[in-house]
Every structure is written in structure tokens, then in C-alpha cells.
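The structure's right below; bear with me while I get my questions together.
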Amino acid sequence: TGKSETTGGNSNKEKPAAQKEDISKFPMTVKNDGKIIDGGVLKYGLVSDTPFEGTLNRAFYTGAPDAEVMQFFDESLFRTNGDYEITNDGAATYELSKDKKTMTIRIKDNVNWHDGQPVTAEDLEYAYLVIGHKDYTGVRYGDALIQDIVGMDEYHSGKTDKIAGIKVIDKKTMTITWKHANPSVLTGIWAYPLPKHYLKDVPIKQLAQSDKIRKNPIGFGPFKVKKIVPGESVEFVRNDDYWAGKPNLDGVIVKVVSPKVVLQALKKGDIDVADFPADQYVNAKGTKNLQFIGRIDLAYNYIGFKLGHWDAKKQENVMDNPKFQNKKLRQAMAYAINNQEVADRLYHGLRFPATTLIPPSFPGYHDSSIKGYTYNPEKAKQLLDEAGYKDVDGDGLREDPNGKKFTINFLAMSGGDIAEPLAKFYMQCWKNVGLDVQLVDGRLAEFNSFYDMVEKDDPKVDVYAAAWATGTDVDPYGLYGRNVMFNYSRWVNEKNDELLEKGHSEQAFDKEYRRKIYSEWQKLMTEEVPVIPTLYRFGVVAVNNRVANFTVDPSSKLTWKDVGVTSEQPEVAE
Amino acid sequence: MLLDVRHLKVHYPVRGGFFRRVVDHVKAVDDVSFSLNRGETYGLVGESGCGKTTTGRTIIGLIRATAGEVLFEGTDLTKLSRRQFHPYRKDIQMIFQDPYSSLNPRKRVLDIIAEPLRNFEKLSPHEERKKVQSILERVGLSADSIYKYPHEFSGGQRQRIGIARALMLNPKLIIADEPVSALDVSVQAQVLNFMKDIQQDYGLTYLFISHDLGIIRHMCDRIGIMYRGRLVEEGTSEDIFANPQHIYTKRLLSAIPNADPRERGKQTALRREVEQEYAQAYSRYFDETGRAYPLKPISPTHSVAIP
Amino acid sequence: MLKFILRRILIMIPQLFLLSVLIFLLAKAMPGDALTGQLAANPKMDPQTLEEMREKLGLNDPVHIQYIRWVKNMLQGDLGLSYTHQQPVTDLLAGRVGNTVLLSAAILVLTYLIAIPLGIVSGRWTDTWADKLIVGYSYIGYATPLFIFALIMLFVFGFHLGWFPTGGSVDIQVEEGTLAYYLSKLNHLMLPALSGALINTVGIIQYLRSEIIDTKVKDFVKTARAKGVPERQIYWRHILRNSFLPIAAFLGYEITGLIGGSVFLESIYSYPGLGQLFLQSIMQRDYSVVTALVMISGVATLVGTLLSDIILSAVDPRIRIE
Amino acid sequence: MKIEVNRPAPVEIAAEKSPSALSIMWRELVRDRLALVSLIILSVILLIVYGASIFLDQEEIVKVDFLAIYSPPSAEHWLGTDYGGRDVFGQLIIGARNSFTIGLAITLITGAIGLVVGLVAGYFGGWIDNVIMRIIDFILVLPFLMLVIVFVAIVPKYNVATFILIMSAFLWTGKARLIRAKTLAERELDYVSASKTLGTPDWKIILFQILPNLSSIIIVNLTLNLAGNIGIESGLTYLGFGLPESTPSLGTLVSYATNPDVLQNKWWVWLPASLLILVMMLCINFIGQALKRAADARQRLG
Amino acid sequence: MSKQPLLEIERLRVSFQIEGAYYAAVDDVSLVIEENEVVALVGESGCGKSALALSIMGLHPPEKTKVEGRLLFKGTNLLSLSVSELNRIRGKEIGMIFQDPLTALNPLMTVGRQIEESMNYHLRLPAEEKKKRTIRLLERVGIPEPEKVYHRYPHELSGGMRQRVVIAIAIACEPSLLIADEPTTALDVTIQAQIMELLKELQRQMKTSIILITHDLGVVAEMADRVAVMYAGEIVELADVDTIFHRPLHPYTRSLLQSIPSAQVKKDRLHVIQGIVPPLHKLPRRGCRFQPRISWIGAEQHELEPQLREVEPGHWVRCTCYRHFHFPDDQMTREVDYGAS
């Protein structure tokens, strides 16, 4: 093969001067030596194509923009460290029992709701009572840690009206008991209280649509909601009674900005801070009035092989699709793709090749010794030859070991500017090693069709490209367990079962032990490649030069309280 | 007797109200009876909207009769289905008012005139052309006009083409609905003369519809005067013009301008007189609803609608 | 008149019924539902809960049951619950409809404000340079896609010149009900409305022009001239009034067009209205919103055509609706 | 489908025969300098587009090349490349071919459906007309854009053919109404009555008598429609419901302009396509206007 | 002769632009209209009657029409007036009645307003007065219940009523000249008779002159004092009405009279004028224009430059061919195909 020359297989071609970013040099915190002025209003751009939904409550929201709005007025009782594990620096402190099954939570005395009422243990209990209630309309009950609370099932089915595992000790203290000890509680515990005094009159069924959540929400965060223009903008004013001290800013204005105009808006000083779309970064860098900071996202892109189907009755994955059972084939396909090229060219270095299924944003668990599958077409060809996929009829494309035509149907999602060339590129890469890969239905699948086909194990799909946001909990069980529907590749393996089980056992509260288990799991996944991790992401935030103390560093102690501005008006480009 | 129209009624529905239901009827033709003898020309005259066209079109089957019979050589045409009607199409033909719209502008003369032939007879193209050419010559157009289009002819010539088409199947009855009213004065004469000529040659019977009493007098043997969907007087040309009986007929006749300027005064006086009589005697000639009475014979050839 | 409107509304009922069946079936035929892919963002979700939610939302019932339930609720004024917004659709729409109506009304007003003088100038003085200019504009406007034009407007007037705000429907910092508030609304409205109107207007300009040219040579205009009516009055009282008739009849269809146009304008100018909501809901398979919106725009179209007929009968004495 | 597409054939033949239809139109067209220039420009464009697209390999053009992302126009890439490093000129040619083909196909299909439906409704009137008009009214009420979006989402194999079909399903109504109205008027003319009295069957009257007389109006309408249909997919592409990118179209190229960077700094990606749409639409419009004048003149002629 | 005539048409030529060139539809027409007389213009369709009438009113669009010659109305040349000057005469001094009463009325205006409109610009009257006057006018043209009709729209009236309204508009300001372009052609005979009566009555009362355009010789016979017969843009014969009907000279006039069927006398056959009037741009511009249609008279019998000559006082005839004219014997038999070029 190799007669058709494409960039995919042709890295020795002279490259033009790379426009690639060196992400290691990216700061995570803005640099501003100016003196923070007293007050000032910060304008925060909510980058979104659509208005925000306005379900401004942690228990009910679904859209990411809503979460972005909420960060200013509502927060978790706990602060977290660089591994996203809870600490005792926040509005509450915790203590785990010996058997690690019970947590005692103490809310600090000076933590008050925006209306002056204290945040109490009952408020946090109420949050659990709402989420577990049978009338609850949100999705949070799906959280394994919530269902695992002692007595939650009974409460959920309506047999009891209290949750046995949650006990309010006094006004500010409570305990939560789980059936299993699971280190994920440190990253995944639900610690968002609901203002019971404010919300209790609203039936749970109607909470999500009530004005108390949509128009006049309260929290105990550094800013109070002053006014909401639904879907468009929110005006916050400083919460002088904030438990951690008076915030620097007088207020914050959050407004929705279309990704198409975000750069212009930043340049003009219409907004001070915004999550910046990666595809526009090349044109934006160097803009005089802006600083760009960034960090690695809690997410990775991957290419999955469909190896079986989901048995809904038994609630487990069955690995019965013969097409990709040969590990060598999977490995060969992983070697064949040039992720470095994609990262450098398409994303200008704002993404980088993924090596394992735990992203480096979990520095405590990501095994950086694993190099993953770096681009190596020769190796790929060799593996294919070994596996018996050879070109017998001389058309440049390999046939399967039986000499039959071997076509791989590839499902990729549309959306975003880069989707099409990216999918094309992968297909070209595979073609270079002699694999015939075709798009399912000849086109990119729209979001819903994509997940519809993937979730339902549509036989049209052999290979699919998708992404996972991991959340702050490092535990991969929810995505790769035997009994988990989201294990879309339907790959099952005993070793895997064992490792995943150990990963969230009581023993795993020992961080070193857990790290070892997950390192082993990452190796296993690299060897077996049921899915090929392709890219990690780097999230960029654009910040006006007048902003100080703003950070995206998860280990930083800086919060919105500390953010300030060094001049009345934003700087303007040119 | 060739054609016998008996108690013909044509009512158009008037729709209105909530669901566009039929709320009323326009009685365009309201119980009309008359008959045509072979070879004669029967004229239907009346004011605009009195139902002349409707009568003619109903006879030829373009409009469905609401009630009544149209007996053509004894067969009631109104009872026939489309298919059963087909053979009679040969026998009854029509000449239309507007020589411009009655010829398809996109068709050559050959296609226009041969259309009836193609529907009724299977002829070879050659025979067909022969036949068309001979009829063209008969109506006084050169044989090589067959490849021309209607717009290349004058109004009078077009009307001849229309007539040639009607003659193609040797019809017995021709319904001529205002055949010359769209034509310029000087051309009218041409067509009228010609119609008279072919009547003799082909032994045609005409139902001649017009509102121009001069033309009616020139063309017709017998005349029916129509008023609001009904016949008010019927008789020979002589009967009607020399001895009008119905007040409406008189009024119609007196309204015709006299082409002799010397008669001006007399004509005006006559008109006044009739107008007066009309105002006075109206109730004698029409019933309470303003409907004319059924025709009553006052002589073997002459009938009038009086009570 | 009342009877006529009533009858038209009666005729609308089966149309709306058909529309509802069609849109419901289509909505159900779309791959995925409101919960599909939710998990990409919510990996902690457990499949059983998911099923439970589907059950709760009635997504697992047979289509006809779902349909009947939907129609029943709709007849009671309940358009269902938006899954994504966790809010009754009626509330959701109530919050957005104002903006879209405002935008559409502004476009409509501007469209006619532009079209009428230009159409008159070009119809009255045909073949002058002004006419050629206007005709040229109308051709180019006809060929320019709305979204490109809107984008260019946004960049030129919103960013480079900075004359208008570039997103949203109102400034958050102005007090509701004050003059500043309304000015801010107007300010946010201008750019999208102008973009829509400048493109929208070309059809009407062309129509008005040819209508005036046709009317100019009508007999009654000759009669008016023969009366000694001055030229200005000839145009004003005779030609224009008659030429406006078909334009008035257009109004209803304009409304239909505006609904389509709002999808583009709202998404380009981040103007929170129904068009944008529609796109979003389609993507997220928020069926209750999608179906409600289609029904609403169906009703709007029907009302628009009804309105056209009523306007027409008001200005044209020959058309009497009883 | 095939039958319907073939239907208009009699128009052509019948119109051929008559010197007063096509030839007058042609004369008028040639006399109108603007229209003539438009015709020449359009022909040249189409010749280039269809001619060149024979030699261009679509596979090759839509092949991504990460080394050449957004390269400005050069000798190698006459009109530069897009964000996938794909040659814009090649996409422009193939896109223009696709867009024009789509426009033409939609125009023809809708024309054919509109013709059949309009003729039948207009000629027979009565309940047939009533039923058809109700259906058309109904389709007109449907929110076009919204339904198209829904349709596009549910069609599994989405390509040029399905796109054409979906569009056609909605767009025939306007033509049906127009043709019905004209047929109604034509039906009242005496030549139709004459044909009836001569015993000509209805279908023959419709096909051979009425249809030829509608040909000029149909040609004019279709021409003007063609202009609109060429750009039709660009808006949908912008919303993300247009043709898949692997099928280049002018709309796809134009809609790249929604990326502000492309709009402001990478003119070569979207401007040529926009201009091409503009030029083609203008040309077709001018031709259509000239034809319209010709058709009017003919009517005055009688 | 001492008094100034009302309208003097001198060598009027009206040309239309056809495919770039101008062709005269009214060619060198001179005619004098005295006060209080009815002059009829007769002739075949397309002979230029309307073109003549419209040029008196200045209603030809200036871009596509050329009007040459002089139109002296009460001593002022209408052709030299500006539009606004002309507007002071139109409607006030000269009124016009159009042929088709439906299209001549603005469908969106009530009858009353349309009649009042001409008063608006010519007579300064208070609204009350105007309305009263309008209702009187309606009464005068024979409309029953004028108060009601005042508020009606044209489509609510019958054809005859509409034509009365059109007449009312034309006479609203009591003009001294009324141009009636085929005022009765679209009407039924009975209504035609009424309208004729009405016009005669009005003329008597207002002492107006009327230019009556028609092709119905019966109407001419009843209405006109003098008759001008037009053929192909020219006046071929001009005389008083009695002379025209009883002692016509020009072959065209004679043929015309012979070709019309009459309700009074029954003729066996009608005379046929052969051929057709050629279209404007194919008209022979030299010699006798009627020559092609009386082919049995030799070319040498026609004048080369035919002139309108006064053959007896008040009787004018164009071309000397009338001296040789006779009806051909053969024409009674059959016509052959001619003119279908």
C-alpha cells in the first residue's frame, strides 16, 4: 500500500512553521501586578449559542451554562484540593468514621443564606430528601453515591418519609451513612444544601419551575442575585455576609455571549472573562487587552469499538460481536492514527494526544509512564498482517482473515467546525494502513442520532468517536463496569471487574493503594484497547488585563471572593 | 322538427353563509320551451344576462340542465351520460362569440380544424389534410393557411376558421352565440353573408343568439325574445318586427337607434310613448314576482307571454 | 364579519388537528429523546434511574397514548413540561414570545417603512437612475442570504462601529419600566430588525413597483387625469391606494416568513426568542417545546392569512365578508 | 417519480411548434441586452462548472490536508483552502454544480407536481379542486423551515437526492396554485368549450389545449424560481441542517462565514461562493424578467 | 364665422412609438368644433378615433407618443400648456366620457367622492355644497335614490348606472366641450337609448359641444349634427349628418352604410368591405389609404396626394376616387381569401 499520499501517513513531509501552542507554558492564574481597587463590577461572558435555561439550582439544573451562573451565588459546603477531594477549608468540615461508611458534617457558624437565615444541617438533609423523593424531577438521583445511602431506597419508594442513613445531630451537624465504603465520597459527595425555610412550601414536583429557583434564587455564595433577564443575563451584587469574608468586587454581571462574537466582545471590553472557544484561539492570542489562562479539562476523547450489546434485562454488557475481538486489530487501528497531527494542526496544540483513560487533570492517578499508542503506521501494518488482515485481491485494502471484504463502519458526531475534517482524517489514517473505513450513513451523525445509535448498539456501527467528561470523581467504574450501560463498547473482562471493584473499596481510601490499582487498570486498558483514548483537552479562559486573582487552578485557594479588578473600566484592544 | 326544448331550467347555485351552503339560485334559464325546424334560423334575443348563452350552452351539453328536456331528433340529450352524448356531438356544433379566445393560439389551423375529425374518424394524415384544405377553401380561405396560426388571421377570417371547424363533421344544428358581436362593423357583414351561404349549402339549422336586433332581423326566420330567463314573445321575424305584442318586445324595438337621421324626432317620440306604456302596463305583463307569464299563441306562428 | 372569522376559525380546526398529528409523529420519529446523551455530561447517572425518568415522562407509552394525552393537555392550555428547562412550556414560551413578537413587529414595520417609499419612487419614476438603483438593490437583496447579511451587519455596526449592542434583548443594569429600559430594548432591537427588514423588504419593493406600473395605465387613472386632478393627487388617491391592496394581502404571508427568519436573526444576534428556542429544542429533543412551537407558528400563519383577508376586505370595498 | 418528471415533455414539444412561444421569448431575450449578457455569463459559468467538474475528483477535493489549513490563494490552490485544508476552488466548482443541480431539480420536480396538480384542480374544479386546495392550504400553513429541520433529522440517508425530495415536498404548492389559477382562467376561454363540444376527451384538452398556453407562464415562473432555489440550501447549511460536508455545495462554503474569523480574515473561503450565488441569481433573474416581458407581450398580441 | 369656434384642430398628428420608430395613428387631421354642436367621429376600430380624443385631453403618455399640430381651445393652444395649466382646463372646460364604465371608475372610491373630486380642483365649494351639487348631478343623469348611490362603490352598480356616473363626472363642472369615446358600446340597447337621451338632454341644457366617438351608425344618426368619417388615421369625409346618411360620397362611407344590417329595413345581402385595416406600421403613407380595399377601381383613379376637399358647402371628401366608385357586381357572390398575409 502507501501509494496514496495523504498527510495522515506522511509526517515526513516538510511542515510549515507550526502554529502550535506550548501548553506547558500556559499559566493557570492571571498575572496582574496592579492594585485591586475597591469594588468594581466584573462582566462575565457565558459563552453559549443558546440562552441559559435558568434552572438555577444544583439539584435540578441540566445545562452547563446554568452551572456557570450558579458558581457566583451558590457553592458546595466543601472546598477541594488538586485531586478534587474535599478538604476542611470550606463552609463545612467533615470527618469519616472508622469504617469509612459514615461521614459527619459540621457547617460553620457564620454560614448564612442570602436572606440572613443560617445554613443548617436540616438544609443539607432537605437536599437529600428532595433528590430522593419520588416526585423529584431532576436527574441527580442517578448518582450512585446518593442511592448508596442507607435507607435511600425505602425513602425513594415512599415507604418512609425520612432517610435512615441521614441524621441531623444539631442545628449545624449531621451524619450520612452509606451501605458501602467508597473513596469516591471524597470527590463525589453531595454537599449542596437547599434553603429549606425558603423552599419547603413549594411542592417538590414544582420546585424546578418555581420562581424561587428561576427568578429569585438564594444561596450562600459570595454574590447575591439581584436581577435576572431570563436566558440572557444575571446581575449579582456582593454578599457582605459571605462566610469567608467580604468579596472584592461590588458585583458581577453574567451575560450570554455567542461563541461567534466572543472574541470581539472581549476585545471591546464588553466582557472581562469568558471560556474561550479553542478553535478561535489562534486568532485571539496576542490580543493586547487579554490574558489567556488554562488547564487540562476533566475529559478525554476516544474512539470506541463496538464489541457486544447491552442486555437490559440482565442489566449487563454482553461481549458477543466478533468483528473486533482480535486485540491486534484494535491495537493496529490505534497505532494507525496520528493524534499528534490532529492536536497540532486542528487544535493548534490546545489538545494533545491522550495516553490513558484517566486524564492528567487527575495528577494523583494519571499514569504518565504509559505512553499509549503513538503514531506508528508500520507497526499497525505489521499487527494487521499478524492478525491475518491482508490485502489478498490487491486493491490496496485489506480483507479479513477469511479473505472477505472488510469494511469498518465509523460513526462520528457532527457539530463544531472541526468534526468533519477530523473524522475524514481518521479515516484517511486507517486507509493508509489498508483499512476500508466508511462513515455510517455516509455522513456525520447529529448529536441525538449519534447517541441513539451508540446507546442502542445499532449494528450499523463498528467504531465510533466520542468523548467523556469524567467529572471530579476519578473512579472509571461508571463508564467501564460490566453492569454499566455507559460502557458503550460493551467490553467485559474479569481483570477489569476486579480492578474496578478494588478501586472503590474501603481499602482504596488509602490513596497510594488506589493509585496502584488505577495504574494497573490504565495499563490493562492500554493493552486491551476496547477504546482508544485520542485527545486530552486544554480549556482556555480569556481574561481582561484588569482582572486580578482569577484562577482555573483546582489546587489554588483563590475563589470568586478574591477576584478583583485593578481599574474601573476594562482594557480595550488597540 | 330537429330540436325541441321543453321546459328547460338552468339554475346556478348562490353560495353563502356559514359553510358556503347554497342559499339561493340564479334562475338563468327559467322554464323555456321552443323548437327548431330543419333548415331554419331561430333567433334568441334579449338584454345582457337574460340567459341566452346559458340556453345555448345547455343544449350543446356544456352546462347541465337543472330540469327540462332537450329533444334532439327525439332523444333527450339531458338524460345522456357523457359517453352516450358522444355521437350527438357530431350533429350539434357551436360557433363562439369571440373569434380570439375560441381558437387556441398555440395550434395551427390544421390542428384546430382537424380536431373533431381526430375525435370521430380515423383518417390518415394525408386524407385529413385533404379534407381540411377542402373545407378551408369552402369557407374562403386559401388551402395553404393550414400551417398558419390563428393570430395571423383577421377577426373575420378567424370566425371562418371557427365555422369551418364546426362544419367539419357535417352537423345538423349549429348554435351561434353572438357570432359577430366581437367583430368590427365592416367585418360583421362578411361573416353574416357567409353564414347564410353555408346554411343553404349544408342544409343547416341555426340557433342564432344575439342582442343586436338588426342582425337578428337580417338572419332569422323565427325569433324568441328572452327576458330574465324566460321567453316573452315568439314568432316569425315579420310577427316580431311588424307586430310586437309584449311590452318588453316593444320597448326593445323602440330602443334601437334609427339609422335615418331624418326619423330622429319620430323615433324619440315613439321611444317616449313606449316607455310610458311600459311603466303603466308593466303589471299586466308580469306577475307579482316580476316573472313573465307562459307563452300563449295568438296566431299559428306568434305567441306572447300574457296571462 | 364575525361569522366569517368564525367560519375561518372552524376551517382552521381540522388543519390544526392534522398539523398536530403530523408534527407529533415527526417529533417521535426523530432519533433520540430528551434523555439521550444527557449522560455524556452526567456520567454518574444510573441506567435504572434513566428508565425511571423515561417512564415518569411518559416517553415509553405507545405513540397514540402519548398523542392523546398531549392533545388533551393542550386543549386545556397545558403545553406540557419542557424537559431541558424544567419548566412548563407555557411559562417558557411566555418568557420568549415577547421578544420574538417585538422583533417580528419591528421587522414588519421597518420592512414597510423601507419598501413603501422605495417602491413608490421606483414605480413612479421608472427607468430613472433612482429606479435602477432601487431595482439593483432589490435584486442583490434577493440574492443575499439573510444570515450572511446579518453577520456582516453585526460586525460592521456592532463591533467595528460599535453603534449597537451585539447580543441580548436588553441591558441588565437598567431599571425595568424606566425610559432607559425601553431605550435599551429598542437599542438591542435595531440591528436585528434592520437586518431582517433590509432583506425582507426587497420582495415587497419589487411587488409594489410592478403593481404601480400596472395601475398607472388603468382607465380610472385616465379618468382622474381627465378630471384635472394634479399629478400628486393622482398618485396619492388613485394609484397608490390601489397598488397597496395586494401588499396588504401579503401581510399574512409575511408573518409566516418572519417566523422562519427569526431563527436566523435570533441565533446570530443572541436574541432570546422563539426561533432560537426552536433550534435548541430540536437539538435537545425537547419535544414538548418543539411541538408547541410548531403548533404556535401554524396558528400564527393561519391567523396571518385570516388577518390578510380581513385587512383586504377592510381596504377593498369589492371584497365583502359577511 | 419518473413519470412526473417526464410530464413536462409535451410542453416543450408543443411549444416548439409554435413560433409565438419560445421563439418570441428568445427574440425578446436577445433584444434585451442585460438579459443577453446574463445569458452568456450564466452559460459560461455553467459550462465551466459542469465541464470542469468532470475532470475534478470529488474524493480528492474533500480530502483533508492538515498541512494546508486556511492557506490563502496560491498557484496550487487558486482560491486557497478551508479549515480542513481542502481546496476551495474545487469545492466551488463541484459546489456550484451541486447547488445548480439541486436548484434545477427542485424547480423541475416542483414544477412537474405543481403542473399536474394545478391543471387537474383548475380544469375539473368542483370537489377535486376543493380537496386539492385544502391540501395546499394545509401545506402552506406548515412552518416550512421547522418541518424541514425535523425531516432532515429523521432521514437516515441524507444526501443530494433526499434533500431535493424534502424541499420539493414543500415547495410545489406555490406553483400548483399559480397553475391552477391560470388554468381556471384558461378553462373559461371558448377554445376549451369548443374542444368539449367537438368531443375531445378531458385529458386531451388538458394536455394538448390548455398546457401549451400555460407554457410561457410556466417557463417564466420556473426561471425565476430557479434563482431562489439555488441558494436554498445555504440557509439550512448555516443552521446545521444542510448537506453533509462531504457533498460540497455553495451553501456549505457560504456558511463557513459564520465563523467570525473566516468572515473577517479568510475571505477566499466564503466570498467566491457568495459572489457566485449572487451572479447566478442575478443572471437568472434578468433572464426571467426578460422572459416575463416577452410573455406579457405575447398575451397582448392575442 | 364671426364667432371663434370652440375647438380648432389643426393638422393634428399623433404618433406612437413602435419598436423605436414613430408611426402616426392620427395623420394630419383638421377639424373645427363649433359651440353647442355634436360632431360624431366614426370609423373602423383602430382608425385613430380614441387617439384623437386623448390628444385633446393631453392624456397620451409623453414618453411614447408624439403629438404635433395645434389644438386651439377657445384660442389657446392646448399642446403648448404645461400639465398644471392643462389641469385647469381638463375636467372644467373639457370633460371626457370613457367607453368601459367599469374600468373607468376607481374601485376603491365611493361614487360621490369620485364625482366631487373634479369639483375639488376647479370649484372652491364648501363640503356641504359639494355634496348637494353631487347629488343633484346624480339626479340629473337619471340615477334613482342619489343619496344612497352617493355612498356606493362602483362595483355595486349596474353597467348602465356606472356609465351614468361616468357621465356625471364628466359634466360635474359643466364643461363647454364633452368628449364621449364610445359611451354606449358596452351597454344594452335599452340602456343605450336612455344614455343617448340623457346626453341629448344635457347638451340642450348646458349648451355643450360633444365630440361623439362611435362605430354605431344608428347612434350617429340619432345624435350627431355633423359627422367626420375616419379611415386609417385620416378624415375621409366630413359633412352634416343628413348628407352623410343620404348623400355620402366617399367609397368608405358608402360601403360602411351598406354593410350594416338594419332593424328597420330587411336586406337580403350585406355589402362587404374587402380586406382589413392594416396595422399602424404597415399603413401606406402615400396615396389613397382606402385604395387596397376597393381593388376594382384602378390606381389611376386615385389622387397621388389625396386632399380633403369641400365638394359642396360643408361637405368635405378626401381623394377623387369617389367619382369612380361603384359597388362591384361580383362582390355579392363570394369573397376570396385576401389579406391573410
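Order of writing sets the chain letters: A, B, C, D and E. Residues in each chain are counted from 1.
To be clear about the criterion, contacts are C-beta pairs under 8 Å (C-beta built on N, C-alpha and C of every residue); 3 or more make two chains touch, one makes a residue touch a chain.
Small disclaimer: the values here were computed from a predicted structure and weren't measured.
With steps allowed only between chains in touch, the distance from chain A over to chain E comes to 2.
Listed by label, the chains touching chain A and chain D alike are C.
Chain pair with the larger contact count among A-C and C-E is A-C, by C-beta pairs in contact.
One finds 51 Å separating the Cα centroids of chain D and chain E. For the pair chain B and chain E, the distance between C-alpha centroids works out to 31 Å. Work out the mean CA point of chain C and of chain D, and you get 25 Å between them.
Between the Cα centres of chain B and chain D there is a gap of 48 Å. Residue numbers of chain A whose C-beta contacts span two or more other chains: 260-261, 264, 446, 448-449.
Contact with two or more other chains is made by no residue of chain B.
Touching two or more other chains at once are residues 30-31, 151, 155, 267, 279 of chain C. Residues 14-15, 17-21, 189-191, 193-201, 209, 212-213, 215, 301-302 of chain D touch chain B in their complex.
Those residues of chain C lying in contact with chain D across their complex are 15, 18-19, 22-23, 26-27, 29-31, 139-140, 142-148, 151-152, 155, 256, 259-260, 263-264, 267, 278-279, 282, 290, 293-294, 297-298, 301-302, 305.
Residues 57, 60-62, 86, 89-90, 92-94, 96-98, 100-108, 115-116, 119-120, 149, 151, 162, 165 of chain B touch chain D in their complex. Taken in their complex, chain B has these residues touching chain E: 47-48, 140-142, 145, 148, 152-154, 156-157, 184-190, 192-194, 196-197, 211-219, 237, 241, 251-264, 267-268, 271. Residue ranges on chain A touching chain C, taken from their complex, read 49-51, 53-55, 60-64, 137-139, 141-145, 147, 188, 208-209, 214, 227, 229-235, 253, 255-258, 260-261, 264-265, 268, 270, 315, 446-453, 455, 466-471, 473, 478-479, 484-486.
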